[in-house]
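You will see two complexes here that share subunit A, one where it goes with subunit B and one where it goes with subunit C.
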Partner chain A sequence: MLDVGFVSSLLASSIRAGTPLLYATLGETLTERSGILNLGVEGIMITGAFTGFAVSVLTGNPWLGVLFAGFAGMALAFIHAFFSVTLKANQPITGLMIVLLGLGITGFFGRSYIGEVAVYINPIHIPHLSTLPYLGEILFTHDPLAYIAVILAAVLWFLLFKTRYGLEIIATGENPEAADSVGVDVDRVRYICTLMGGFLVGIGGAYLSLAYAKLWTEGMTAGRGWISLALVIFSGWMPQRAVLGAYLFGGLDVLSFKLQAIGVGIPYHFMKMVPYVVTIVVLLFSVIRKRAAFGAPAALGIPYVRGKKE
Partner chain B sequence: MRSYLSPVISILASLAVVGVMLAVMGINPLEAYIVMFSRSFASRFGLAELCVKTTPLILTGLAVAVPLRAGLWNIGAEGQLYMGAFAASVVALYVNLPDFLAIPSMLVAGAIFGMGWAAIPAFLKAKFDLNEIISTLLLNYVAIYWVEYMVYGPMRGKEVYNFPFTDLFPDAATLPRFFGTRLHLGFLIAILAAIVMYHILKKTEFGFAVRVLGANPRAADYAGISRQKIIICSMLLGGMFAGIAGMIEVSGIQLRLRPAISTGYGYAGIPVALLASGNPLLVLLSASLFGFIYVGGSALQTTYSVPVAVVYVFQALIVLFIIGGQSLRRGDHA
Partner chain C sequence: METILEMRNIVKRFEDVVANDHVNLEVRKGEIHGLLGENGAGKTTLMNVLYGIYQPDEGEIIFEGRKVRFRNPRDAISAGIGMVHQHFMLVPRMNVLQNVILGYRTPSDPLINHKWVESKVEELSEKYGIDIALYEVVMNLSVGEEQRVEILKALFRDVKLLILDEPTAVLTPQEVDSLFYALKSMTKSGLTIIFITHKLKEALKVTDKITVLRKGKNVGTVITAETSERELARMMVGRDVVMDVAKPEVKFGKEVLRVEDLWVKDDRGGFAVKGVSFSIREGEIFGIAGVSGNGQKELEEAIAGLRTPARGRILLNGKDITRLGVEKREEIAYVPEDRIGVGLAPSLSVLENLMLKDFKKYRKGLVLDYEKMEDRAKELIEEFSVKTPSLHSPASTLSGGNIQRLILARELSRSPRLIIASQPTRGLDVAGIDYVRRRLVESAAKGCAVLLISEDLDEIFQISDRIAVIFEGDIRGIMDRKEADYERVGYLMAGGLEVAV
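Presenting the complex of A and B:
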């Protein structure tokens, strides 16, 4: 069973399964780089999944759905930003409440959309390239959103590490006092990053309902938001590493189903545990070795109050 | 006085927002709230259900509250609950004990496994300063998949027609019920746990150390209090309560192990503890409020077919309003 055809179809589906994770991971990476810890990813993602689906059903335009999923994500992220930046509230708790809010609201209003059929986003087979043996199937048979995700990762990498804006964002996440002292508006940077992050996480949700699963059910994110939070840590807050990480964790998800289907002995549930266990181990390494390349932004989750050293 | 006002205002504000949501769905919010109240308070079955839902919330509330008093966030009560339920089920199904020992052994097993699951993040926090919010959160999923694996695999019952359930527990392993309702002994155990914990925090040296560490870590150092010891002990106590919650849920309500034994009780423990500001006696009060929301939520479902998810919205809003109110009073937001 483990022939080249199996492997290439596994890799192709890893990319599809990894794409929603990638959007969410990139969004949360941007948010956390500015020093805001938004644990609400799961709730924002499910809100994106529902909004995208509903808008596509109502308008017949899945791309409009994707756009509104982003806006819905932004709206929830705004609540988080308001509490975290303006009210200086406890970020983990606010984030967890965003999860409950997202699951609750979509469960509440989503009931009537279960079983509906939306207009979906379909794969495009890139001419010539997609007919390449194996490689064609793996790389060139995806939907536009999957390609956009990779481009986005590159853009985010460039933004963070090669531009002045990136410098300001990273400074805000590492040392807001210093950033403030050289004239960076810490609150503004954190608001923008949290809102843009929410936008991307929302699109990740829309990818799930409109391109990956092609349906809407309550709670359909099924833990992908938490996996994305883990991925941010796993990738060391680096967009470029997030691409590989997302496809890897996406691949694990696919593999657990495929192995179960062909009756290989590794229990499905153990495969599902892997991302969480791996993330704890990675986190532990980063703490023990204190390696900057794998470290969290130093001011992550700490409210910034001007003139008050915490 | 003001500290009592804030939760009340938050609850009313949440009721107002959810009322708007209900109105959008074409349901008269006032009628809906009357349904919620009458279903919970108008019959002994309603009252019993209220106690049944309150029971795990008291325990998970304590599971969050005790570490919270030491300045730690235990987001892992959900996973600790599952591990406790798992251990209690193993004892109930596979260990041959005299009848009178079954329940106490299950209780101990549940407590130990809940503690054990909390010991991992506690140790990582004390030894490596690994963020306990992230580690407890991630471990929840490991515990839930562990229980799923068990009920789909090794522990699946012989008489369950391929459902992912264990067999029913023997009678000696189920908690006694009262008044012909689902009200069971676990309710009293939970109340007792809260009272005992209140006295431990208030009267003992350990309780004093916990409170000092939570209030001011540097003062704890000056007072010669070992941070590591308190971190580990308070997390273990928290895990113990969550583990007991798991034992009580399988032994009092489910009567077998199956997936999804908790409808977010572990996470609900966070608002419960927060609303009670970590005070075990107030946990009794805030747990019954959230118990009421759970019962009222299912009443709305049966009467208006409103999805139970509305319970989550209530929880989230109450907490957000409380946090918002606290921040506004603290006044450092300007």
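Presenting the complex of A and C:
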């Protein structure tokens, strides 16, 4: 069963299954780096999946769908930002509210789109490279959005660790008071990061309906938002690690189907559990090792009020 | 010398409290101007108004001959004003360079030009004698080094006026000296410094002029060379203060607390207390001096029963209590360093906080006898003069001094044999400090053993019978107060080793 063909097709589909996770993880990483914990990823993702699908059906342009999925994600993220940054509300609760909101709205408006056919985003075979043995199939037969995700990860890494903007974002997430004291506008940074994060999560959703599953059903994110939250922790809030993490978790998802198909006697529920178990193990390691590079942003989830002690 | 800053009739109100009441301040270029006052006198508020953190309700600020209005710190920074806060504004996980340039635009913005930063910092280091490793992560720095990073941050932005808010609070005497030296050399190159403090000795030592604030009002400005400690104290407090609580000679009784080769871990799993041994007798005050973070917290928690030691023994009246819970350590009174977090349940009422350890005595069937508890609480409030709106106000609404009185009332009224008092007067005003020290001395006179842990050397020297110094979890030398001097204790606090005399 473990012939090279099987492995390379598994790796190729790992990338496809991992791409929506990657978008969502990158978005949430950006948000959390600024100190805002947005637990609403699942709700934003499903909203992105529906919006992308519906816009593609209505306009016949899947790329317009992707764009509007991003905007829809941004709109939900704005609700979260408004409650968290402006009203200093409890972030986990607002996040859970976004989940319910996203699932509810898409369930309601999505009913008439079930069974519809949209224009999808199709894979492109990169000339010459895609014909390389094995490697060609694994790396060069994907759709443009999958490549853009990797480029985005690199851009985000550069932004966070090589520019002044990144310095300001990280400082805002670590110690907003310190950032404020040198003239960084904490609220502005948090708004921008939450909105941009929501945009990326929304696109992750659109990828799901327009490029991966190529259909719309209610609740089709099926927990991928939650997995992305775990992935943020898994990757230690680093975009570069998120790429590997997303493909790994995507691969586990695919593997659970493939093993089922070839009749391996492991119940697929166990396979579905693996990402969460891996995340818990990673969390354990990060707690045990207490390495600076692994920890969460120090001010994550804590509202910032100027001049308030402790 | 020309005037660089004038603050005229500054008024700042917080709800019904007037923190600054028509305050005037005039600072001349190149001087170190002390801003002296007790806690709550409005020093920090005034500087936060200047720095753009708060907006004044009335009054005007004239900086370098121009009327200015800073809407936020960014405005103040770009005008050339820098501030080193009492609590450092650093990001522990970033390195020194990143902390220095946070919020600053280097020439290659938005990219960070490391070369340019390095050469600029080198220039500043040479000019002001501040030396610091740029790529060290801030969490690995000592407090003194962190302060240098803060000062560097301000200098990097080409400030003309530097505000230092209680900069010596966390430093050893040696570090204080080197800070003062650096400040003097900065003013030589034309920098102006405002130095906020509540310590008279420091104000006298380093400033050129001193403005005293009391209860939000300007009491006056004096030239340092022409004033005295006594005059300043009178201005600060508003009356003559006797600044001595005398510790009467007591005959020490039998041993109350004995700590033998105690090893305690901190939250991160490393040893914070490394093999500490000492004993305290009845009637004795045993002072442990040392800069915060050298194992004091872990040591006091181990003795109070909040933290289990890894090795060693703790004996109270000859009985081994090393592994007993807090409740079983009835005879220990604990006045913790963290008053709000450990000493109180801030959202519970004054009554409930007073009864926190005794409520079981007031059981009436399944419920508590509130009437009796209130009677007892009233007695305690009277005896310890706790000022509170009512017995039922949340404890968090009390002022710092009254919170400490509340804790003392609960702890000392239970006739303890051992009192652990950790930083008992930190942040209190002169009257509060006096009260707390008096109470500790009285308790000792009644035969209590007192373990006093403090960063304030004056306090240690004033009321201790014996003095120990803690450094990195190790007790460096235990000496009789009579043979101890500041220099020796300061030397040990900074990590110096006891040399045979």
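Going forward, the second predicted complex is superposed on the first by the 310 of 310 C-alpha atoms of A that agree within 3 Å, B and C clash if a C-alpha of one lies under 4 Å from a C-alpha of the other, contacts with A are read in each partner's own complex, and residues count from 1 in each chain.
The criterion applied here is as follows: a contact is a pair of C-beta atoms (placed from the backbone, for glycine too) under 8 Å apart; a residue touches a chain by one contact, two chains touch by 3 or more.
Please read all numbers here as calculations on a predicted model, not as lab measurements.
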item: Partner chain(s) touched by A:Asp253 [first = subunit B, second = subunit C, both, neither]; value: neither
item: Touching partner for A:Leu100 - first (subunit B), second (subunit C), both, neither; value: first
item: Partner chain in contact with A:Glu42 - subunit B first, subunit C second, else both or neither; value: neither
item: Partner chain in contact with A:Tyr165 - subunit B first, subunit C second, else both or neither; value: second
item: Contacts of A:Asn90 with subunit B and subunit C, given as first, second, both or neither; value: first
item: Contacts of A:Phe108 with subunit B and subunit C, given as first, second, both or neither; value: first
item: Which superposed partner A:Ile280 touches (first subunit B, second subunit C, both, neither); value: first
item: Touching partner for A:Trp226 - first (subunit B), second (subunit C), both, neither; value: first
item: Of subunit B, residues touching subunit A in the complex; value: 21, 25, 73, 75, 124, 128-131, 133-135, 137-139, 141-142, 145-146, 148-149, 152-153, 267, 270-271, 274, 305-317, 319-320, 323-324, 326-328, 330, 332-333
item: Residues of subunit C touching subunit A in the complex; value: 48, 53-54, 72-74, 77, 83, 85, 89-94, 98-99, 101-106, 109-112, 137, 139, 153, 268
item: In the complex, subunit A residues that touch subunit B; value: 39, 79, 83, 86-90, 92-94, 96-98, 100-101, 103-111, 218, 223, 226, 229-230, 233, 267-270, 272-273, 276-277, 279-280, 283-284, 287-288, 305, 308
item: Complex contacts: residues of subunit A adjacent to subunit C; value: 162-165, 167-168, 170-171, 174-175, 177-184, 290, 292, 295, 298, 306-307
